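Letters A, B, C and D name the chains as they come in the text, with residue numbers starting at 1 for each one.
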Amino acid sequence: MSTPDARVEEAPRRRLETRTTPTEDPARLDRTDPARHVAEAAEAYRNWGRWGEDDRLGTLNFIGDAERARAAGLVRRGASFSLSQPFDMNGPQQGWRRRTNPVHTMLDTGTDAAAGTQGFPHGLGGADDVIAMPLQCSTQWDGLGHIFDHGVAWNGRPAGQVVTSDGDLVTGIEHAASALVGRGVLLDVGRYLRPEASEDGPAGELPEGYAITTADLEACIAAQGATSAVGRGDLVLVRTGRYARALRDGWNGYAGGPSAGLSFTTAGWLHRTEIAAIATDTWGFEVRPNEFDDAFQPLHQVVIPNMGLTIGEMWDLEALAADCAEDGVYEFLLVAPPLPITGAVGSPVNPIALK
Amino acid sequence: MSTPDARVEEAPRRRLETRTTPTEDPARLDRTDPARHVAEAAEAYRNWGRWGEDDRLGTLNFIGDAERARAAGLVRRGASFSLSQPFDMNGPQQGWRRRTNPVHTMLDTGTDAAAGTQGFPHGLGGADDVIAMPLQCSTQWDGLGHIFDHGVAWNGRPAGQVVTSDGDLVTGIEHAASALVGRGVLLDVGRYLRPEASEDGPAGELPEGYAITTADLEACIAAQGATSAVGRGDLVLVRTGRYARALRDGWNGYAGGPSAGLSFTTAGWLHRTEIAAIATDTWGFEVRPNEFDDAFQPLHQVVIPNMGLTIGEMWDLEALAADCAEDGVYEFLLVAPPLPITGAVGSPVNPIALK
Amino acid sequence: MSTPDARVEEAPRRRLETRTTPTEDPARLDRTDPARHVAEAAEAYRNWGRWGEDDRLGTLNFIGDAERARAAGLVRRGASFSLSQPFDMNGPQQGWRRRTNPVHTMLDTGTDAAAGTQGFPHGLGGADDVIAMPLQCSTQWDGLGHIFDHGVAWNGRPAGQVVTSDGDLVTGIEHAASALVGRGVLLDVGRYLRPEASEDGPAGELPEGYAITTADLEACIAAQGATSAVGRGDLVLVRTGRYARALRDGWNGYAGGPSAGLSFTTAGWLHRTEIAAIATDTWGFEVRPNEFDDAFQPLHQVVIPNMGLTIGEMWDLEALAADCAEDGVYEFLLVAPPLPITGAVGSPVNPIALK
Amino acid sequence: MSTPDARVEEAPRRRLETRTTPTEDPARLDRTDPARHVAEAAEAYRNWGRWGEDDRLGTLNFIGDAERARAAGLVRRGASFSLSQPFDMNGPQQGWRRRTNPVHTMLDTGTDAAAGTQGFPHGLGGADDVIAMPLQCSTQWDGLGHIFDHGVAWNGRPAGQVVTSDGDLVTGIEHAASALVGRGVLLDVGRYLRPEASEDGPAGELPEGYAITTADLEACIAAQGATSAVGRGDLVLVRTGRYARALRDGWNGYAGGPSAGLSFTTAGWLHRTEIAAIATDTWGFEVRPNEFDDAFQPLHQVVIPNMGLTIGEMWDLEALAADCAEDGVYEFLLVAPPLPITGAVGSPVNPIALK
């Protein structure tokens, strides 16, 4: 990892080198041809083989012990922020793709214990519970087996041999059990681009459909200052304000509806910064509607199976963002361990930011 | 938090003051009268009201920003250890109390994507998944609503008004979303008491039914050295070797069967050390069979609803313990965030130890 | 069971005797006082003790072998009608009370079998599946433990001792496993009251909020003819047309929204006809909004815990009703066995009408 | 359907014509070559195209209105028998293939209602519940999409296009919603072959691993008398006594362990009798261990995807069998409707026999 200053200086130079294809230039995207752009970006930013044939972690390999040790060194006050939305029936899911909100039920209750129906000795009473939920229902990580590109999974493996009904046999989320720990950086693009309320909406919230470009990201980094520099092994959190809106106005299509998000053209930035993972406060990470006439999550198709990037979605960045805005420090230790569900293509997560 | 050295010196003095009741003396426990001992310990170690009437965190209140900042300072190498068992059907549960192992199923697969049946545009394919699991099925935290004492929950509230079919309305695990972060200390009692293989079993593993006493804990701390000192706000991990045995020999009653674990008589130690939480590598935290003729988890009954102590169970301490044994450092930053499932009386967790 | 003709003649006489309280007279209901009306009806129509203290079946006791044999004798053509809605994610539930639509997932698939990933010998392949669903999610029976009146369950038992977190310990639906077989009678009130399309809506559909009265039921019986006579042990199906509307226009509040349904004032008719069970094509059986200013399913409160009546909801009566309208025969053998889920307070069901 | 007498006479003649291959002769089966026998039987008994290219019902097509009307005519006493095992955690499943027993939990309880925590008006209280279960966990029908032969499903369709993660897109069990109604015939092979207790076990129970042959079936039919004649459109129930043993001695491998069951060599009989469906009181319908050295459910592979036969498993035939033994009548109306779970490859069922 280069020093923060070095990284800021390097960024423009790298940009000049690489911002030469239509795929990185929002003005030159051909809305009618997502297939071509996906193919170009996939080829340009593909990391297959970079960490060996047996790799199961993709860009999480950018985090090593040294990166984690430095990240722990960022903790000053000891403030702990949970970045998870609540897991309950009042969630964003509407049933699409059989995704429900979490159904939490009790196997035993305090009312039963009080009524004396439980049969335990010496006055013991207990409560147990159970949950049924899609792993993609709320705050989560997308694993490397979550998305395929023309039937091919991360590292070039045939999707049909990677993820069967038995789950992800190769890149299951359990392989990342100890990996999602490192330096977190918050890019509060919502606050940066919308410092004041406007006809677009309240302060701090990007309008639906706003495509965050590489220029936006870099300007936000520059504006936020040195603690926001982004480089190898970082866990980048991008705040759009979409969750703030849902908290205030109700879900209203939070899951799958229009939303600000990353432009397809940021694929190159995601690649050359060598970040380890990225997460947003939106359902889908990338801008919706997508920037092509007939498309579905094209940026996913580039970055998960080709780049090997782990993506977080539906994170609650509100309290953390308020704190960062207040003290001007946008970096922290981020510990966001997935549940090691064997063969899962994703995991609910309660990410912890420590400042 | 006092310095480690101070704590070690203080411990014997406090012990003299408090180790005066049969309830703290293994030799004086009356096996036929769990109710009396539970009542005595409950009264002696009760923390009701200590953090106000509205408290939802119990002993987790012992951790503040300062404790967390110091804990982060323990990270040296940046080594990250996941302390979670795998979440899958090859788990310990046998169906008792309707506890199954986690059932993970796919909503979409790579085989489907490869077969072209998914209907997404431009070659996109995807996999989604879902899980159904008891929150007590594998590596977990017991929340404060998990156990009641004679129909009373933590802080003296009537159990029937705290945990209904709608879940824990007061002390749901979501309130601890950012709280379970602090200094972790491993007490490897298995290795300490069984440095060599014996007729009891392999090295590092306590025999089933072995009740770990306060004397054992203090001797282990003394033997492991200064990094093992235990005090206010610590997250204490006690390794018995029971999970190592399960890994080698199969589950064989891991869930609910005989196991080493904490003696009922450690309740006083758990109280006066002012630890924030404790976790073990066993199913039930306390020794099984319990130390009374007719009893069920009596130490739970004392420490959860009366003391307000959060308990972790079924943790995988193997890799961490091997590392601690090698470098002699038994303290670390522990980040063990529960999933904030609204109203849950427990949560699966993938605890991360950072050294 | 009296003969059909006798039953038709008896009806007016019984009506004169009993239609004397405000509780049976729609014009005299006091919208502001549901508690009084519920209490009056509960007392008037209570069947507690009628079938002994240990009874688990309530009005299902009205069906005996003789009634079933006669019902089987109604089968002439051998036409079989399934009266169940589809069980899938495209169902009526919106999440209220944690009721989701059924989540059906595959444990193994044909795509996997075709891809050769299953590992079975000699070319065998297989598919398995799993479901998670509320028992009240779609076509169902409400068991006797589904509703309580002031903390009291069917037959006068304390609700807290009948239905705990372990389920219904007394009147679980498994006790009705072989009982829900008998003479079915369709009362197509929708077609009877709305023979033509009107400003209220299409032909055959009652407007939302229409309260079906005893007079409506009796007039419908008279109009449909002798095969519609209702008496002891019958399984009465009331069609409102609400499901036809949902099929055409979408769910739009089918679950819990406004709907035609039985008036609270039909409680007396439900009692004196001595029917065994009743089912409708609506979510809630009784009219919604309910006929009181502040009420929730008051007729349930009378007929389930007090009368012991089993209620079916969300049945698909469309094909059967069309057939009955065509041949003028409204009686049939009805076989509607619940799944004997131990301790369940209801069950999904695929009712079969045989004509 | 021919008359019972005629069918009995025809059987031997048909047997002579067809019992010419090793595949129908237990003495000539080559234990080392299941693949050959499966292939021979599949070809010999294949019904592809018999009911058109779009068929979704297979041999259920053998039941028409006339068959159902005649079956209804068999009801004399009106006795109703539920043939379902209980659905609860005390079930046969041990976790193989992620098959758990049904997990039934409460969304609301009577203890809550009694405690006054539910918030309904005028004294209303309620209980709701939810279930999570494999569709193959207990008494069930296997749908036509449950088994494939070399990647091919019923009627010759490619398995990968029939059953995806979205379920069975072609032959989902919902298509059989009204079809599983007809004449049931009980063949109590257990009682017939083991009229007395022996060293093999108690009376009425075949020993584990006993392969029921065509000769056994025909001899049982002959012994039971004319009401047992089997012919086109019948729903045949074969009792082995395996469930009686489980009821008495515990599950002990009921799911997947050794059991009596149909011999692979009965495939021809299953085909030429033109039965509509068959069910047994065992986990796996066919004898286990299977009659080949290395095999898994080879008879399934022949009869489901090739013959189009619907199979029921884990039925409780005890009460019905006792009744049949008493009155000597082995035929009845059988109404066994699956839950119409869209796309399911099987369904739990509570079959009702009416005598």
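Criterion: contacts are C-beta pairs under 8 Å (C-beta built on N, C-alpha and C of every residue); 3 or more make two chains touch, one makes a residue touch a chain.
Chain by chain, the UniProt names read as follows: A, B, C, D = Kynurenine formamidase.
Being a predicted model, the structure only gives us computed values, none of them experimental.
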* Setting chain B aside and leaving every other chain in place, which groups of chains remain linked through touching? -> one piece
* Shared interface numbering between chain D and chain B [over half = same, under half = different] -> same
* Asked: Taking each chain's centre as the mean of its CA atoms, how far is chain C from chain D in angstrom?
  -> 30
* Distance from chain C to chain A - Cα centre to Cα centre, in angstrom -> 47
* Residue numbers in chain C touching 2 or more other chains? -> 98, 103-109, 111-112, 114-115, 117, 130, 132, 160-161, 164-165
* Report the residues of chain A in contact with chain D in the complex, numbered from low to high. => 103, 105-107, 109, 111-112, 114-115, 117, 130, 132, 165
* **chain D partner contacts - residues on chain C that touch it in the complex** => 34-35, 38, 64-73, 75-82, 84-88, 90, 97-99, 102, 104-111, 113-116, 120-136, 145-151, 153, 158-165, 167-168, 174, 177-179, 181, 292, 294-298, 300-301, 333, 335, 337-346, 348-352, 354
